[in-house]
Every structure is written in C-alpha cells, then in structure tokens.
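Right after this note come the structures.
Shared chain: chain A. Partners: chain B in the first complex, chain C in the second.
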Partner chain A sequence: MGVLELLLINHPLDCPICDQAGECELQDFTFQEGRPATRYSPDYAKRFNPVEDFGPDVLYVPNRCILCTRCVRFMEDVAKEPVLNVSERGDRAYIGIHSEGRLDHPWAGNVVDLCPVGSLLSKDFLHKARAWELDKAASICTGCSQGCNITLDTRENVVVRVRPRPNLEVNRYFVCDHGRMNYRWMNRGDRIEAPLVRRDGDLHATDWDEAFAFVASLVRGAGGKAVALVSPRASTEALFFARELFRGQEWSGAFQVVMGEEAPLAGVPNLALRAERAPNARGAELLGYSRDYAAALAAAETAAVVLVLDEPDIAVNTAGALIYVGTVLPERARDARAVLPIANVAEEEGTFVNRDGRAQRYFQAKSAPGMARPAWWVFSELVATLGEQAGGHVATAAEAFDRLAASVEAFHGLSYTRLGFAGAPVPTAPAVPA
Partner chain B sequence: MAIGVKVMKRPGAEVSYLRATLKGMALTLSHLWRPKVTMQYPEEKSSKDWTLSPRWRGTHRMLTDEQGRAKCVACGLCPQICPANCIKLVPGEDEQGNRYPLIYEIDEFRCVFCGYCQEVCPEEAIHVGVHYENSEYSRDRFVYDLERLCAQTHPVSTLWDPSDPKGE
Partner chain C sequence: MGYPHKPHPKETLILSKHFGEADARTYKGWVKRGGYEMLAQALTMEPARVTDIVKESGLRGRGGAGFPTGLKWSFMPKEKKKPHYLCVNADESEPGTFKDREIMRWTPHALLEGAAIAAHAIQADVVYIYIRGEFTEPWTVMERALAEASAAGVFGAIKIHLHRGAGAYICGEETALMNSIEGKRGNPRIKPPFPAAAGVFGMPTTINNVETLAVVPLILKKGAAWYKGMSLSSPKSTGTKLFSVCGHVQKPGNYEVTMGFPLKDLLYDLCGGILPGRTLKACIPGGSSVPILNREETESCLLDYEGVVEKGSMLGSGGVIVFDDSTDMVYQIMRLARFYAHESCAQCTQCREGTAWTTKILERILAGQGKTADLDLLLDLAENMTGKTICVLSDSCAAPVVSGIKKFKKEFEDYIAGRRKPVMVA
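On to the complex of A and B.
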C-alpha cells in the first residue's frame, strides 16, 4: 500500500482516457491493495512532461511512467539496440531516447506490451478500443514462417490488435512489428460471400450443394492433368484435402512464397522475422506441394483442371477449367468456372507448420462473412461429393486434422487435441503406427 | 310454460332508482365546494403540492466546459454499463492530443432511464435530466447526437444517494 502510494505521487488520474485502462498492472494492484483515497493535497501539482514521439508506432507519455525500466532493459538486453535510458534523477527522472535515435527497431513494438502502465502506447491502437471491449482468440501470426503465437483482439467482429502470446518454444513473449501490423487484411470488406458457378457464360451465385456438384463434375470430367496453385497461408488441413481432391489423378501442386528482409531479435536464439513471409510453407512442402511455382504455372497452361487456393495475385493462363477458392475475387479469377468463398485465418480453426516443423493450432477470432466456410470444410465436402471420402463427412477442424494425421506419414502420431495451445513438432522421421 | 319463474314482491321504495340517483347526485354536487386538486397542464407545470422530484430521470443532457465543448473524454464506461445498449461512442483525438468523442449518440427510445450512465461517468459529463416533455415529428429525432445533448438546458438529475436515501 505504501509503495503504491509512492508510485501514485506523480501518476495522473487519467484512467478514463488511458488506453491501458483495464489491462494496467498499476490499476490492478491499486484496486487490490491501494488506499481508497489519496493523502496528497489537491493543491499539489503533479509532475508534467509533454508526450513524446518515440518511433513509428510508439508514443511515450512521461506523466504515466513509473520508471520500471522494462523498456530500457528490453532494448538493451533483448533487442541489443540501446536507444532508451533513464534520464535525469529522482523525481525528475523519465525515459529518454538517444538524441539521434528512433525506436524503429523491427521488434520495438514489444515495449508497448511490456509497459505495465499506459506510458508507452501504440499509435496504431491509440483510442481504438477499450481493453474490456475486446474478445481474444489464440492465433498464429501469418507474417512469416517463424509462426509466432499471437492473440487476436477483436471488437464487434473486427480485428483491432495483435499481441504476442507466450510460447517458450517459438517466440518467447514477443512478436515483431511486421506481425503486429499484419491484421488489416483480415477485416477486408470486399469478400466473396456466396459460391459462384459459371452458367451461360456468367458467374451466378448459388448454394453450396449446387456448387459442390458443379465443381465435382468439373474435376471428374476433366480427364487430364490437374494443377493446384495453393497459398502457403492456407491451413495444413485445407492443403491436405485439396490434395485428396485429385487422388488417383495425375496432379501437381505448387506454392509461391513472398520474400522480404530478415530481422532477427538479437537477444533470443532462433527468433526472427523470417525472409519467407508465409506461415505454412513447411506444411505445404510436407504435403507434397513444390516450391517450383514457375513450372506449375507452365503446367497449368495445358492442364485440364487448375485449382487456385487463395492466391489473389494469380497470373495463370489455362485452357482447362479454372476453379478459384479464395477470400476475395481478383480480376484475373473472373474467368474461373467456379469460385468458392472461404474463411480467412481469423475466421476459421486450423493448423500451420512453421519453419522448424512445429505444428501449431490457431483458433477462430471472428465470424466469416456470408456463406464463406473454412477451406478444409470446402475441400472435404468436395471430396465427399466425389465419393472418395473414407469415413464420411468432416465436421470439425479436429476431425480434419486427425484424418490428415492418419493418412500423411509426416504427421503420424499427432492429434489435434494434444497440439493444444503450444503446438508440437511434426515427427520428421516417419513413425510406424502401432 | 316449461319453467316456473317465481316473482318476488318488494315494496316500491326499495325497487325505485330514485333514491340511489339522488344519493349519487348529492355526492357529485358536494365536490363543487371542496378544494380543487386539478392542475391546468400545460399552462401550469408545477404547484406547491406537486413538483418533479430532483431525482427524476428523464432524457439526457451532456454538460459542457467553459469553452462550450462537451466534458466527455470518450472513456467508454457509459456504453459499457448501459443495460439497454443505447449509447454509441466512437473516440477520437483533437489537435491538442486530447481524447474526445467523435460520435456520441443516445437512442432515447432504447434507453430505460436507469441513470447508470450518469452514475458511472468519471467526468460528470453525461446526465439524465429532470425533464419529461419529449415529442417529435419523426422517430429518428429521438437519437440524440452530441450537439443535441449539449444543447439541452433542462436541470439534471441528482440520482439517489445511498448515504442520504431520503434526499435530506
């Protein structure tokens, strides 16, 4: 109580306008242990310093600072880029930034999460929502192949923030700024909301049953090579059932990975924003999809069926039937024979396999628009329509994963429930089922 | 005759309605000389026997500061506590970096006038009013926006105070 009273000497009473309110450690402790009223006279003027702009996404409000120095120590010991210090002494002390430095380290956003009070604020999240309005869902970052565990904070079905979720095996307690900002596309409004099939030269909206029958007839009547151009941002289950669709047929599959700059977090071993900006490239590889996208594009030209899974920038020319399965409908996909709407990563459950071969689950954070459904459901229903589904329909992501684990050697022995929130490494050496 | 009906013989003084009528008229006429309790609403809106309670909870009013701006800092407590979900709030930031409500709307039709919004407000900005005359030509006029809430001039409620339950 006494310590709290000292911390509150200069702490302003601005909880109503502070973004941290509701998830503030000082607020929680004061609520639990603190005095019901202050003993300082109202004439006493609290220390005042203006708000400072620290970096691309970080604001510093010195008035609220309790000088715990977590941010200073993070930048020094973990990021190994010591741009912050404690300036001045005694009650004049504040967090100072190097006169020529900026808090623009690719992992600098973590100081906002580390700050126990509302002193370091994210400009992106500033005034956007109150902590108690947010619904939280465990998820996996789709920004790169590291597979950092994150929490998606949603408010009224809109993702408003990404925060790290501790996983000592993958990302410890951190997530990089690239991943932190990589959520806006999840809220896109221009989504496909109903299955579309081509009739008399035009795409017509229809229901799922008819769409499945239509696509199944396309796949069955193809009588030639099939090519699947998939997204490395699709769930492992979706990639598995997309493969099952062409079982017993000559097919090839490929994916394309966008490359960026690698940005390691120096103080943590094996943690970086990876150059490969795709969360499930490893999973796609394990399922037999190749990285040779150019060859697949060439093969697609003469293929009888081309399946495109959520690649908005497709540049495919084909003489065969184009089936586009995606969240949004790009211009190039308007020639497709059928378009099936799917949920994005925030709207479905599934798993990704990160670069170290760790299968990790992500959970649903918001509801999908219209008739959009998880891609694994769409593909498994298609397989069922083709009549090749052993074991009947797949109703949940858990069933989808367990079926994948049962039939793909690399995933033998894994179970969806046992993956839990922390995930588990994919057994690289193919285990023999008992 | 299938059913035999027995006709009672009663004295004429009992059967006549004349007595009851006179009795009723006497009561009615006696009221002419009694003190009047009718209030001539709407010409007359309160009397020494009847005034609106200071704890009355009517349509809202937003208080303003010296510069005429709403006192609200968009903390989000009133939409959170509102049991009828009638408050819409979108926070924003002004040129000085102060938090203020970009949009603040109260749907007075949805409101149940519980007064929780006033109770929870840390800035003493939103209040329920001592006010009961609300009529408009269209229903959407009952969604009060910030400007309208600030423009209200009626007195505000002094909610029930648990430490002073009788209002003394």
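On to the complex of A and C.
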C-alpha cells in the first residue's frame, strides 16, 4: 500500500497502447516500487471521461491523468495564460479547459513534456514510435536566434520528435511549438547526394577529389572579387572555413534572416521565440559577414566568383563562377559551375552562436545521405587543396572549432571540449539587449 | 440556550443569552444590551494589551483544533509592514455542527463586535467574514447587522466584508478558505508558511471561528479571571462552549455549558435523554471528523479538550451526534465516508482516491459482498490516509472508520458472514 497503489486504482493500465509507455514516470515508479497486484476489486469501475481536444497539438486523455496539476501550473505560472484548471472534486476530478479557451499558446506544447503520464499527448507524435525505439541526440533548435537546447529523437534514421533539453542559461526546460514542429525538413528525400561539376555545359556527378580540384581551380583562377552569400543556419565552423577560402582576396560576405513574430514565454525572463528566425546570425556577424544582403547581391553581379552556402531561395545573377554548396539543389543553382552536397544540422556536429553570444554545440542525430559531408569539412578540404591550410587536414568538428578559436579573436579562449552540452559565452560578444 | 427550548438550569448562558430575542438582532437592541461598549473601549487600548487579556482568559479556538486564541493573535508581526487581515471562519460545514449558525442568526452584532476587537488586536485593516453558502438566513441577518453597525460608524477605520462561500466543505479549512476569498479554487495550502506570515493575498492573516470571536467582547467586559474561572475539570479548558446535539435524543439543539461538563448529563438531562424505548449505542462528540465513542466512553466523558482526548476522541467543533441501539453503524460510517469522498478537493492522492475507495469497500460490505480481508484493507487504507496529506480531510475520513471497526467490529463481521440482511445503497 502506498501512493502508487492509490494512483493506479483509477488508472486504465493501457500501457501497451499508450504513447508515454517507456518514458512514463508512473510506469517507472511502479516497476521500481509497486505491488505486483492490486487490492482494488475488479468489480469496481474506473473513472472514465472521454478524450478531449485541448489545442492544435495537445490531446487530453483524462483516464490516465493522475492530477499532478503540472499542466495547470505551467499555464498559470509560466505561460501566464491560465486556460486549464482542475474541475470537479474527489476522484471525479479531471483537468478542465476554459469553455471559450484553447490550449493554443505558442509555448503550450510544453505541457506534453511536463505530463508524467500519457494524459497529455502530442498529436504530431501520436502513435509514431515507441519510446524504446528512439535514439536521442543533443541538438540546438534552428527555429530562431534564442538557441534553445533540444533533443532530436530519431527512429531508423528519421527525426520524429523535438523535445527540450534543460539549459538554465538559455531555455530552462522549455521549447516553443514553432521549434517543436521545426524538424520535418531534416528528413527531406530530395537531397544532393554527390558533388556535381560542370563539364561540356552539363553538371556531372563526380567524387570529392575531383570536385575539390575543380573548385580550387575556380577560386585560384578567379583573380577578381569574391562574394559569399551564406545561410545564417550554417555552423560557425563552416562559416569560418568559407571565409578562409578567400583569405587574401577581395571579399564580401552577407546573410539574410527571415523575420517572424516574437512570442515570449511570460514567466521566464529572456526567453522567447525570437523574431529573427535563424540560429547563427550572431556567429555569422562575429566572423565578418554583413547583414547588408542587397549590397552583396549587387556586388555578386560583377564578382569573379560567387559562393552560395545553403540558400535554396537564392536569386543571384553573376557573370562569374557560381559555386553552390547546399543540401538540396534549387532551380536557380542549376547554373552553378560546381555543386557540393553537405549535411544538414541533424547530420553533423557543429556550433551556433545565439543572440546573447552563447556558443553552443549540436550533435549528430542521423547519417547524411550519399556523399554529403559537413560543410566545415567541405570548406576545410578546399582550403587544404588550395595549399593555404596551416596545420593540414581537419578531421573532426572539434579540430574545426579549435582552429576557429585560435584564429578569430572573438572566439579566443574557447575550446570545443569546454563548450560541452551547455555551451559558453563567446568572450568578446556582448549580449544583445532584449 | 433560549431557542428553540427554554434554557435548562444546568446551562451557563454567555453566548446564547439572547438567542430567540428578535430585538437583539438590531443595532439599537444590541446597544441596549450593552453591545459595542467594549469595542469602543478596546479601540483606545494598546493592541498588545487586548491580546494579553485574551491570552490570560485561556480562550481556545472553537472551530475544532482548540488552539489558544491569544497565542494565535500574538504570532502576528508586532511591527506592521504589510496590510494585516482577519478572516472569520463562518463556513460551518462540519456535519453535526450548527452553533455558529445560531450565533449569526440571533446575535450577529456579538460576532461583528468581537471581529472588530480582534482586528484591532492584530492591527488588521480589513476583516473578511466567510459565510457558508447554504446559510441563507444567517447571511441576510449578518448583512443587515453589518449595514446598521457600519452606518453607526462603530468600526472606526476597520473595514468588514461578508464573503459568501459556494458550498464546498473544504473551504472551512483555513488556507482553503483564504484561497476561496482570493477567488481561487478552494484548495488547502501547504503549511508553512502559516497564515500569520503569509495568509490571504500573501499578507499576515489571523483566522478565527465565529464562536471564538463572539465571546471576546464579554471577556473584555468581565475580565480574563472571570472567563478563566469557568472550568469544571481541566484548567486548560476555560469558559463555555456551545454544543450542537443531534441524532436520537428527545430534544436536539444547541446547549451552552461550562467546559468540563459531563457528556452524560448533556444527553440525559439537557437533551431529555435518548428516544423512548431506546438505549444509547454510540456518540460522535465533536463533529463528523472525530473518532466515534461507544456507550461506556460516552457516559464517562467530560466535555473539554482534555476530557474527550482521554476517551480517544476530540472535542472538535462541539457537534454531538448521538446514535441509539437501532443504528446500523456500518451504514453510518459508510455515509460519513461518502461525504468525505464527495468533498475531497482532489489535491492529494491519498485523499482523492482513498476516500472514494473506502466508500466503495463499505458499500460492498453493506451489500453483503464483503470479504474478511476487507476490514484489514480498510484499516491499511486508513493508515495511509492519516497524517500524510496537506490538510486533515482524509484523516477525518479515516477516524470514524478506524474507531468504528475497532468498537463495532461485530456489525461488520455480521454483514460479511451473511448474518445481516444486505443493504443496497444507491
């Protein structure tokens, strides 16, 4: 006898069909401490209430509810939008929702993580996978410049869920619904799987050695001005080696950021879905890339060589050589002289610098398709092919970061190992006022 | 007690002296009876002096716990840095108790005066009187009395509000009552912090029962020694207490007796004895939440805080429920458990699930489908429901079950063995 036996008398014990099974606190505690059998008579009915649709991504299964009220308290004290309550009394009690309200707060999805049992469920993840089939990798959300720490859950090399990973300095225990839903593109099937070089007017698949030699000759032979149009979703290491590629040449680099609506989590200071919907704009800035995208586009028209890093919506006109490095091949990039396939955020290791100047590592969650490689590796190999690489080839993300930290003043003193899972502030990057 | 019965010579009429006098409800009538004199005097006194007098009188809380009132007031911060509040618990929802209702019906000004004096003693600016939702007549009487007294300006700077409950038993628990006043769900709060540190709206708060406050003006008037002198048994229990007697007695009602009065005399003399042809079987001495006494214990029990504890029960709120020999104790205990299962606030698992499970087991025993193991299960459940929750609601459910099984085990066994005709309960 104890609290567990009492909690279970009204619990449906439908673990075999419950999404929470395998990551259920009630299940874990019952395995650890519970009685092998109940003394509750099989003749007694259990409490029954129908499933309710609480919001865009939240279902409520009242029969499994143990009335811990974490969801009620989250909405009241953290989200400051009290749409949930405890309705009724005694063993008839259940979680109620405001008669005219919906659980559609931009951070409402956190109640699903907070629920210790399978009572609040994500519609997005419903019946997608069992908890024990999932592999987990620590990552950083790419939804905005806040840099929330997340876990990518994969099943058979497919990302199926995003969950928050605690980091008291950045996102506490939470992630917003925008970030939570921002993973489907990681599983895209229409990826570039091999390096492509232009021969006789057509793009031909080739191996990396030939591709590197081909691109190196383009860069070396260009002589004139170089322009880099980069994505603020690329890793700091990739942006660093992309800059190194044109060291000693006339160069300008820029990025553009998609803007959206800001959505703060009222109860936590300095935590919001930021208007700036890119994870590494701050890192790009620290490396000398400009926000003046229009000027860079204009400069590209007369440039000798234009490098585009993972910008699928690219609209560039140039007389020079276009080198496209990306995950997928957009129509406009088909004019490129060379196309190099890279891994996306779920397929590589690297770092982002969030809006507050915090460098944070993300880890690999799944394998990259075909010959696609991390962008920092691609650029570092190009630099090596050009023969300008001091210290030889770069084999790991750690080496890439440490080389960046050694040569870029803003990052002096940081090491990849010391960043660990929680990240660290970039020494000379003062925080952006909120 | 002047209503509905004539006062019995063995009663000590302090609080109930004016019960039944319609005139006493009005402001003028109350002033004629000496009302509001002590408030005017108290407002000129040092707050600490008022507290000291109440402390000396030995007055203890009449709501159930019997905590010394003066001591409770002295817990309030001496230096007032935040607003202080006084809450009056008029949510008299304990089954078997109906004394506060009579105080509010007949002597509303006694309560208002006592509340204002207490507010002065604890330096409170605002008084909330939380009146049970089902009390319609006391509500209208109190409303009128408050309007008259406020119009007369007797309260000075003290503001008194009436707050009407919505009918939840748990809102009689002090912290649940505060949540309810704040407009929240009436869930008890975890203590500490105690109300004197962070009570209603997070401010220092004292909460007192109606009966406790109604007697304060008289203590000031006649002195602490006078009140302290009224004690028939233990010197730790002083003054008089209203007992609400219901059940199988000839004259149920409210009776005011001095502390330490024998329960036997209350039942056989004041209440006219058990119904004709019946004998006493059991008695709950302090409202439905306390353990049941059997006949021997009842007849030897002295009515003060210590005397009832000696018999294994508690004085509680003074709601005496009498059962004669025709009573089915298993049914009565099931009925009590069902009440608690209905009223549990659902915060704590032991209470939310335990009260309902207890009820189901008792219903099963009554239906003739009980098993011998059920009694042990009930006791084990009761063990898990006692002292493990935020408030004492689940303890209150367990108390009658444990004492009932201990003292009337044969009745349970008769149902289980099929020696008694099953009772189907809907």
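One rule holds in what follows: the second predicted complex is superposed on the first by the 427 of 434 C-alpha atoms of A that agree within 3 Å, B and C clash if a C-alpha of one lies under 4 Å from a C-alpha of the other, contacts with A are read in each partner's own complex, and residues count from 1 in each chain.
Here, contacts are C-beta pairs under 8 Å (C-beta built on N, C-alpha and C of every residue); 3 or more make two chains touch, one makes a residue touch a chain.
Predicted model, so just to flag it, every value in this text is computed and none were measured.
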item	value
Contacts of A:P16 with chain B and chain C, given as first, second, both or neither	first
Chain B versus chain C as contact partner of A:A395, first or second or both or neither	neither
Partner chain in contact with A:V3 - chain B first, chain C second, else both or neither	second
First (chain B), second (chain C), both or neither touched by A:M259	neither
First (chain B), second (chain C), both or neither touched by A:A319	neither
Partner chain(s) touched by A:A298 [first = chain B, second = chain C, both, neither]	neither
First (chain B), second (chain C), both or neither touched by A:E133	first
Touch count on chain A, higher of chain B and chain C	C
First (chain B), second (chain C), both or neither touched by A:E88	second
Chain C-touching residues of chain A, taken from the complex the two chains share	1-3, 6-7, 9-10, 39-41, 43-44, 66-67, 69, 85-86, 88-93
Residues of chain C touching chain A in the complex	168, 170, 185, 187, 341-347, 349-350, 352-357, 360, 364, 377, 380-381, 383-384
Chain B partner contacts - residues on chain A that touch it in the complex	15-17, 21, 51, 126-128, 130, 132-133
List of chain B residues in touch with chain A within their complex	73-77, 80, 91-93, 97-99, 122-123
